[in-house]
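Sending over a structure as structure tokens; questions will come in a sec.
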Amino acid sequence: MIISLRTAKALLEAAEKQAMTMGISEDIAIVDEGGNLIAFHRMDNAKIAGIDIAVNKAWTSVALQVPTANLVSAALPGGPSFGINTTNQGRIVILGGGIPLIYNKRIVGGIGVSGATSAQDIEVANAAVRFFESMTITPANTNN
Amino acid sequence: MIISLRTAKALLEAAEKQAMTMGISEDIAIVDEGGNLIAFHRMDNAKIAGIDIAVNKAWTSVALQVPTANLVSAALPGGPSFGINTTNQGRIVILGGGIPLIYNKRIVGGIGVSGATSAQDIEVANAAVRFFESMTITPANTNN
Amino acid sequence: MIISLRTAKALLEAAEKQAMTMGISEDIAIVDEGGNLIAFHRMDNAKIAGIDIAVNKAWTSVALQVPTANLVSAALPGGPSFGINTTNQGRIVILGGGIPLIYNKRIVGGIGVSGATSAQDIEVANAAVRFFESMTITPANTNN
Amino acid sequence: MIISLRTAKALLEAAEKQAMTMGISEDIAIVDEGGNLIAFHRMDNAKIAGIDIAVNKAWTSVALQVPTANLVSAALPGGPSFGINTTNQGRIVILGGGIPLIYNKRIVGGIGVSGATSAQDIEVANAAVRFFESMTITPANTNN
């Protein structure tokens, strides 16, 4: 499955609705399976540092094939991934809020959210992930 | 006037409609008056090199306060701006398709379009600029 | 079609054979449809500057959806793409030798060759492209 | 001894076989004594973040003349090399999996492996190192 711009917009909308419900402003990015940006929205008053962080959280989730939240403790001093965030010209983000988008057990893209606490960023990203899963669960898919 | 995400989405939609009418796929970015990205959309099958180019065309139009098309001849060898595209860590783009968004004679943001010929990119950007002007011309505005 | 490492190795081998026949040493890179590196080989005594150039020729062919040879005159002063090689953090290469790999009319990857003259680099890259086409022309494919 | 492309391919093959035995997908790089890339292979489904990491693990092993695993604790806060991974434009990697290739007590190149746990990356790299040692131990060699 290739994520179309139409799908990416729907994912952004799901994330933005969740953020509005929570009363927060987020930077939100969707990348494809190659880690390349499809769409980005900065909600009104969201942090400008979050532009880079959201895009790179999405990239990291695809490039390392994990939710970025998994890196939080792994990248601590003494953890198994300590130092990973200085590789790849600083594109690796070790803050929660980047989540791979999975279709038929394959990573087909990623979402990255930045602007609030990591817990809130994850909650906003998850709203989009749930929406993606609802879009892509088809009878054929559930048989895989 | 501060460009809201809602306005940025409307500008993107105007540009995308124009591109679809022309049968082309574009990367399109909207930045604010600080040159910071508000929204970006990559149309299906648009070039991935255009991600960086669209964002930086928009940035350039705000940062140099001109349509990027004005730089095309100015940046030629012997021209008054020769070499400008290697300043600012390569963020200055000297290809047409970046246009400032003006409200009350002040630059309040910019649009950048990349993916087709410069003439086509400019045409797509102009569709959004015209839409922006139609949004912002109000009786109150004309009194300023 | 996703280019496997096995396919990438076969493409490199085809290119290396061609280079050996011509008595030259080349740097050769294969990227996937997202522009990400699959495989790279530097032939004995090939130029070390060619490492970056080969990888980025392959990337450029995918990211701009053209053979890099098309950019040679387009990027000249006064040409329609003058200045494009300072975008994308310098990853755009405007020297011949980067060619998209096409399957069913879709770009599925790219090859980049650097180390000799552009004409020679193109000849080496074309040997791999021809090999790719011979691999991928199937009855199903020819009906598309 | 100068590592030829032929030798580099044999080292990659030894590493890939080991990874396949372990059921993992790895990014694997071989650099020469100048730290310059000779060959790189990304196994099917290996992480794209590992491209940069594998190449730079190999580079680090040559550039700092140690296995990168030695840096893991040295680069901890309070350790003798704390901060080293932000030097050299981020090319220093402080994760295990980069190992110098030694011939006649001289570093003649390096291998870098990324994609799985550090312990697994090291195991895969060691398979190539052992193969290199078996290639280079000759009667003439033992007399040096």
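Read from first to last, the chains carry the letters A, B, C and D; within each, the first residue is number 1.
Keep in mind that, in the parts below, contacts are C-beta pairs under 8 Å (C-beta built on N, C-alpha and C of every residue); 3 or more make two chains touch, one makes a residue touch a chain.
The chain list, named the UniProt way, goes like this: A, B, C, D = Heme-binding protein.
Being a predicted model, the structure only gives us computed values, none of them experimental.
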{"item": "Copy-to-copy rotation for chain B and chain D - C-alpha atoms, rounded to a multiple of 5°", "value": "180"}
{"item": "Separation of chain B from chain D, taking each centre as the mean of its C-alpha atoms, in whole Å", "value": "45"}
{"item": "Averaged-CA centre spacing for the pair chain D and chain A, given as whole angstrom", "value": "31"}
{"item": "Intercentroid distance (Cα basis), chain D paired with chain C, Å", "value": "26"}
{"item": "Overlap residues in chain A, where contacts from two or more other chains coincide", "value": "34-36"}
{"item": "Contact graph of the chains (line, ring, star, complete, other)", "value": "other"}
{"item": "Pairs of chains found to touch, sorted by chain label", "value": "A-B, A-C, A-D, B-C, C-D"}
{"item": "Chain B residues touching chain C - in the complex, by the definition given at the top", "value": "47-49, 52-53, 56, 72, 75-77, 85-86, 89-90, 92-95, 117-118"}
{"item": "Chain B-facing residues of chain C, complex", "value": "34-35, 60, 62-65, 77-78, 80-84, 86-92"}
{"item": "Touch list for chain A against partner chain C, complex", "value": "32-36"}
{"item": "Residue ranges of chain B touching chain A (in the complex, touch as defined)", "value": "4-5, 8-9, 34, 36-44, 48, 51"}
